[in-house]
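The two complexes that follow have chain A in common; it is paired with chain B in the first and with chain C in the second.
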Partner chain A sequence: MRFKSIASGFTRFGWGLLPASCLLLSVGLGGCGDNQSGLSEPAPVGGPALMRRLTESQYRATINDVFGPGISIPARFERGLRVEGLLAIGTSESGMSAFSVEQYDAAALSIADTVLGAEHRDRFLNCATASEGAFDAQCTTQFVQQYGMQLWRRPLTDPEVSSLVNAAHQGFIQLGDYYEGLKYALVGLLVAPDFLLRIERTQAPPEGSGPGQLDAFSRAARLSFFLTNASPDKELLRAAAAGELDTPEGLASQVDRLIASSRFTRAVRAFFEDMLQFDLFADLAKDPVIYPAFNSTLAADAQEQTLRTITDLLIEQNGDYRDLFTTRNAHLTRALGIAYRVPVPTRKGWEVSEFSADSNRAGIQTHIAFLALHSHPGRSSPSLRGKAIREVFLCQEVPPPPPEVNFSVVQDPSDANLPTARDRLELHRTEPSCAGCHRIMDPPGLALENFDGLGTFRTVENGAAIDASGSLDGIDFTNTNGLAQALHDHRETPRCLVEKMYRFAVGRDTVWDERPYMDYLTETFAVHSYSVPQLMRAIALSKNFFAIAPPTGETSHNLAGLSPANGATR
Partner chain B sequence: MNTFPRRTFLRGALRGAAVGVALPLLNCFLDSNGKAYAATGQRIPLRFGTWVWGCGFIPEKWIPATTGRDYVMPEHLAPLEPYRDQLALFSGFDVKLDGVANKPHITGCLGLRSGIPVPDENVKAPTLDVLIGDAIGNGSRFRSIEVSTSGIQRSYSYRTAGSPNPSEISPLALYQRIFGEGFQDPNSIAFKPDPKYMVHQSVLSAIGDDRQRLMRTVGAEDRHRLDEYFTSIRQLEQQLALQLQPPAPVEGFVMPAAPADVALDSEMDNVLVIHRLMAGLLAKALQCNQTRVFNVLFSDTTSNLRRRGTIDTHHTLTHEEPEDPTLGYQREVAWFAQQSMQAWREFLDELASIPEGDGTLLDNCMVLAHSDCSIAKAHAVEGIPTMVAGGGNRIRTGYHLAGSADPISRIGLTVQQAMGLQVERWGSLSMETNKSITELLV
Partner chain C sequence: MPIVRDDNLAGAAQWMAASGQYNRAARISLALLLLFYTSFTYAQLPFVQNGKAGFVISQFRYALPQDAAETGACPQGMSLNVQDIFAQTAAGKRLPQESDNEYSARLRSGGELFATAADGQNLCMNPEAGEPDPHFRTVDLSTMPMPGIDLDGGHSAEDRAENTCEHVAFTGTDGETGIDNQFYRVVGCSASFQSTGPSNGFDTEMLTGSWGILMTLSGLDDIVDDDSVEVSIYANSDPIQLSPGRKPLAYATYLADPDPEFSATTQGRIKDGILTTDPTDVLFHHVVNSMYLRRPLRAARLQLAVSEDGRLEGYLAGYAPVEAMYNVLYGYRDGKTSTGELAPLRLRSGSANGAAQVLGHTCNGAYHALYRYADGHRDPETGRCTSISTQYRIEALPAFVIERNENDIGQGISAERSNAL
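Our next item is the complex of A and B:
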């Protein structure tokens, strides 16, 4: 059952010949360079083979794909680890506590109960001969092989199959019921490291030189998690086994198939949920006296609103990524309408409209999901918002506050002489130890001061008119619409998206030698009018996406800055 | 398919009997002193826990003017007066940075717990609660239980960097985890081992058999992570093995009722309610040997506690509230610091309310309480307030000890020694120490 190592179109050439060979190959092939833009990919650099934990959404999506919708998964998943700004990178570093394994185990038992319970089992078991009172070895083997392949993302070895069949037989002996016993074979599949961890495997480079590469099933998994946020489907596994992913045509046909599938939306959502740090909603609290409109429904709807805006613009309309910062598309529920002060006639569900031109709601950075998340429980925070704009959308890192910072210069926020945040922050920008960072964070954040700590529009704070003028890297503006345009036009905006998308795809930080590759992707993104699906396609078809570099020993990551609440950011 | 590995089968059938059972805590089995089991002479196990509150203290309201036994409790410690004899106060012990950047609220907390200061959350060693859990937690259902009472999913208990043992934040979820599916009432008359547990256990055991093969396929860093996974699998296996044994009867144990589903909110009154509920459940779990190790995070190190209707959190106030010119300290911050000590008192109340042997559960628990910094305004890691409570006559308490800028790892080292760990030296660089706090040891 082992697939054959088939030298792929690109790795057969030496590094020095790559650009030329790319030009030759690019005629009619999507796999090398970009045939529409005429750009060619630099020599691949790659990274180490990784061991990545499934995220909660990947776990759920995979169970949904393998067993169909309606399988409840009553587990409480441990929260993800955010490294270098992304949970996706944390999946390559986080361990697995006893609590997690306990939860995975409970989920596995529950899934097995549903799948092999009397109501559903006929859908999953294709054995006319099976019955409660007798152990059916053939049926069991078939079940283990079929679902093992889908869950472990590769064919199982004979000893693996027999170990699981053994578990089912043991179960039958002890419990006296074939189906009850079979459940434990499924539990074994679902609790195994081969399911919970994506353990990437490599094969030697053809002709023993150049970067190594992932084996076919590891390639299939990278592709599938990147483009569908779940394990490979049967067709992708078939293609992997047949060696089709090793040819540019075979790869392109699978990539295009996945991007065209309805599951692609899931991947785009997963990326933006990660990039926008929606996991932090788990800890978000608002004071109920100050913000009575805030509750768990509003928090959920706010995230969904932003995600709908994103997938609508980027996938349905195949729009320009930069327009996310200026769009006035409004996907609203009634709960959101209260916070936005916009009437929403629909009682239940979603309504699509447009925020009015004078509403100051241009771009996802004016959505409640952004404004409320980057605020304090009882007030807004220009610094937290400014920091998030820098780090989330522009990939500009704001250093943590110095530990011995002198806060005696900061005045009481209840001081009547300093009614607005701008007045109070002025002191931060004049004190030398604070000024360095606050000059970076505050100006874009101050442009959002027309929104309170929840995100509702306001024109005054403590009786004083709010001045929402600000600037972003040399572009001055007078209000939030100006910030929207500045973000849209910022040269780092597309590059930052490219970098985050690539890191998300490969589960690690980029390395210095990948700069030319990032340039290539950024140019490709521009050539395709900043289409995110096209960018994802270019990544999935690129050599660098699959390339494996020998370990360098320099793999330590800086885990600082996990939470915006840490440190003394105002 | 009729050839099965003999080993797997035997283990599935026999392992349940081979694993040690929890020690019974039935008082009628105790000797006349109530300190040890009459038949075996074995002592009631000493449990271990940590209790963490964020953002330090107001020194003049917390540090007693004198050391030794006859100190006067300052205002913020006043609620703890009933526990004076069961409490050791430590002031003036420092986390030594050795030039490491002080990541505010993190370096101090993790430095105290691991003996190694780090500039981020990349903890360098298991935290001391994990070291202790590995030594004493084997016979209980859970190796440790973590809870966080201010609605925030944080934990400062780490086996390896990048994977804290996550905290339960909801009392109801905590209840269900301990007393829901899989819980065996220790006093129920009828016990019939469910064969399902045996089958389940052998499945996990087969997964464990794969350890060596997988370890060979990954790099050194990932090996640590895989190792943690297999350790977790092994713990789950032991948990199932316990299900196959009749639980040891526990005198006076009454199954707790499921708590109401409360709002998870960081407002102080609400947090005190959640904390009390969780402390009560934890005490019950300790009583019937569901766990022997716990970690309570009352408030996060960047404390998100609030007073209802006010715009700032405890943490923001530490940086932004001006000192009250007449009081000489921050008035609002002081309120949070005082409430935190009130909560600590309530935690001890829950442990002390359960009779055990000739004393209470508190006498058979050693609890290390600490914050992440001393003066939060400056993120100072010098003189982090620390306390040890309980321990009965197995540790010495009832005094205030000033550390004179000694490394705080001395406390971590001594706590491990008091729990019976064979450790002579702990911590790194300036924090490395072999100097036990002899005042604490019997």
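Our next item is the complex of A and C:
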């Protein structure tokens, strides 16, 4: 096993001393990013400015925020690229295929049809003079500037506005209808790279040295996508234009506003959807003979259950992140009740309950969403589950199996001499090339063998009693509840969350020089009782969040002449 | 705690006593064994919670013997519909050079004569206005092995219950005598009730959620031997939950029909893994052509094998009131709309006459045959029996049954959950 995370790397070199020393170092170098914790942020390091493609959820959320709910987006989005465990990092590395462009085009046309159709256009056009039979240049300009700002996350330059107004005029000439022509201005906004890509732009460091900074509108975008999973709203764009994001008070005011908004839940859900790899549900299949309860409804409800558990604990209750691994809160639908074998009186929709203490359901790692996703179509998999626990929750990378490994033993559950997965894996581990990784993966995975390939509880496999005992990095346990407590108490559990959260926020892997910053965030997380909203606040308020590393030869996305304070020109 | 008995333990104790090994050491060993057994061997059954278990009926069909072609039950042939009857008359013979369409039209027209009473009433809507139909063939043979149970407790006319009528019982598939299934005699010569016919299939309506049946067992201590279990039977208010392969799923949650007419409770007992119950009247929903009907079964008993995985399999048997059975199967006279109003006459009459044509019977023939073979609930004034012994073959899966009573409404989830079986 390779300990991928740089934070985890500390454990290999003497964990006990480093945080304190880093903390001392940081006190001398950094400002005070999180006044409430009493900790000081180390000197910012930053990374490159990025171009990040909008995820599907960000695209949909942005359209929802800008034009309101009920706008149909009939498009199939290209699946994301998972890099270093996160789709968020892949957004800055994936390309854009011709298929994607077609889908974006179709989506844009559909959105434009709805927004500027007779039923809705009055909500979006404030021009009393507009009519079908005459082109209204002033109204068109106003429309382009208003929605261009919201969709492109910055003021449009005059040539950009002129180009889009001209597109609307040409459409009017060709189609003979003002609103039909105006649709092409909106389509132009929606298919532009400036909308589909989060193009980060930089500005010089305030003191003239050190790492650069994102410009105000790029700051607003990074902040907004992190805290609402969508483009900045009008208030945030206003604050950016007014230079308020350059001051600690102005920044804190906007951060607190966004965290207090209902859209914050959307951001937390987006992060955990990414961290828990829920995109893999698109490929999940189960043998209908073995697991007849599995269907698309169950798959959707299982994901929603885990996300509701997360947001309820972390946001509604402002609870301890580590409690996610021990919570028995149960958000259930009737479809889930079949798989969990519990009654769900509510006939439609969700009900909140609690798994009983003797149910062996403690923590999100015992949810259907985790257990079914990390299993085979026809059987459970201690190795897949153990690997997922290591990689998803502890940031410990397990390398892929060596080539030409004989899997026949573990893949044959019908062998009467090896009735349980533990039996089969013990034999499989006699292969030296497999033993190392399986020693790491299997103990937590075998602790979940009380759940079949769907996630339904069981006590026997092929007539033999299941032994769910094991050990996780020195913490011994005898059953799934013990594994839950071991995950809760594992020192890497909060550190891994910190690292993933930051990488999700900035869309890149962390670099070596950011180790003190990671320590700072981890300490801050602990000081705030492992509150995820507080962690996200600390990240958003930190200098490192907006810092841009000095150029190393890559292309800078600095847009010369674009000034937030006095309007945009290029 | 619900338990699974392990006969090996009793066997071990018996062996120790019988073999003279039952000394002090052995007693200690046995005590330890009993302790271990109590703690570990008695497995918790997931479908039993706090002595309660719920079930949803997953298979439901009439218990009938082999087809007439194999048993020789119908030496005169199968029942005819009105067009077949007309076709057997001189006027119903096909004319030379008569086209298929012309002959079909003439058969339909001629058949209507046999579907209409002398006073002009439609016989499906008014079957009592017609005479018994010799073309409605029934089964008088009693030699075929018959699935089902003994309902009246007596195997001879002398010791049958007082309110039954004279009938000849069958011998069961396992050799048990006294199996009462007069319903089979009525439908045994109908093509639609043979194994490939459509009348003995309930899957379409039940599996699409038109109706369903739930059961609960309360006071359940042992699924193998328990001398007192309270058994409740309900109509289901929720559609049955199915797998992608359209198989009913275990452990779904269902709401029992809050209408007390559609619930019944009786006492039962389990012996050697077989649940039997005292008789009770039950009432189920039935749906035909979007018409809502009522399927009652009086003095109904259960005989079900209980398996460790919570599946039930066996018989629901009792006496179906003739008038109600005629409505459910043949006439739909009291069919209601979804809002509880009497369905339009055109729908009821059209459905009944269409079914008679397609399924191969006459309504008056079926009606009079039901009364001819009726063997239960004798009317003391007329001496005529008013219900007919009927057996259903059923299977059930574990389920959570929510019983909502008036006091629970407004109490929220906690009250419902506490009542969930």
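What we mean here is this: the second predicted complex is superposed on the first by the 507 of 570 C-alpha atoms of A that agree within 3 Å, B and C clash if a C-alpha of one lies under 4 Å from a C-alpha of the other, contacts with A are read in each partner's own complex, and residues count from 1 in each chain.
Going forward, contacts are C-beta pairs under 8 Å (C-beta built on N, C-alpha and C of every residue); 3 or more make two chains touch, one makes a residue touch a chain.
Predicted model, so just to flag it, every value in this text is computed and none were measured.
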Which superposed partner A:Ile73 touches (first chain B, second chain C, both, neither): neither
Touching partner for A:Ile338 - first (chain B), second (chain C), both, neither: second
Touched partner set for A:Asp283, first chain B, second chain C, both or neither: first
Partner chain(s) touched by A:Thr346 [first = chain B, second = chain C, both, neither]: second
Partner chain in contact with A:Thr459 - chain B first, chain C second, else both or neither: second
Between chain B and chain C, more extensive residue contact with chain A: B
Overlapping contact positions on chain A, where the chain C interface meets the chain B interface: 288-289
Complex contacts: residues of chain C adjacent to chain A: 43, 46, 238, 241, 243-245, 247, 249-253, 255, 400, 402, 413, 416-417, 420-421
Residue ranges of chain A touching chain B (in the complex, touch as defined): 48-51, 76, 78-79, 81, 83, 90, 93-102, 105-106, 109, 137-138, 140-141, 162-167, 169-171, 174-175, 180-181, 184-185, 187-188, 191-193, 196-197, 199, 201, 282-283, 285, 287-290, 376-379, 400-401, 403-404, 407, 410-413, 453, 551, 555-560, 562-563, 565-568, 570
Chain A - residues contacting chain C, complex: 288-289, 292-295, 334-335, 337-338, 341-347, 351, 353, 457, 459
Complex contacts: residues of chain B adjacent to chain A: 1-5, 8-9, 12, 101-106, 119-122, 142-144, 146, 151-153, 159-166, 173, 181, 195-196, 198-200, 202-204, 206-207, 209-210, 214, 217-219, 221-222, 224-226, 228-229, 231-233, 235-236, 239, 265-267, 302, 304, 306, 308-313, 315-316, 319-322, 377-379
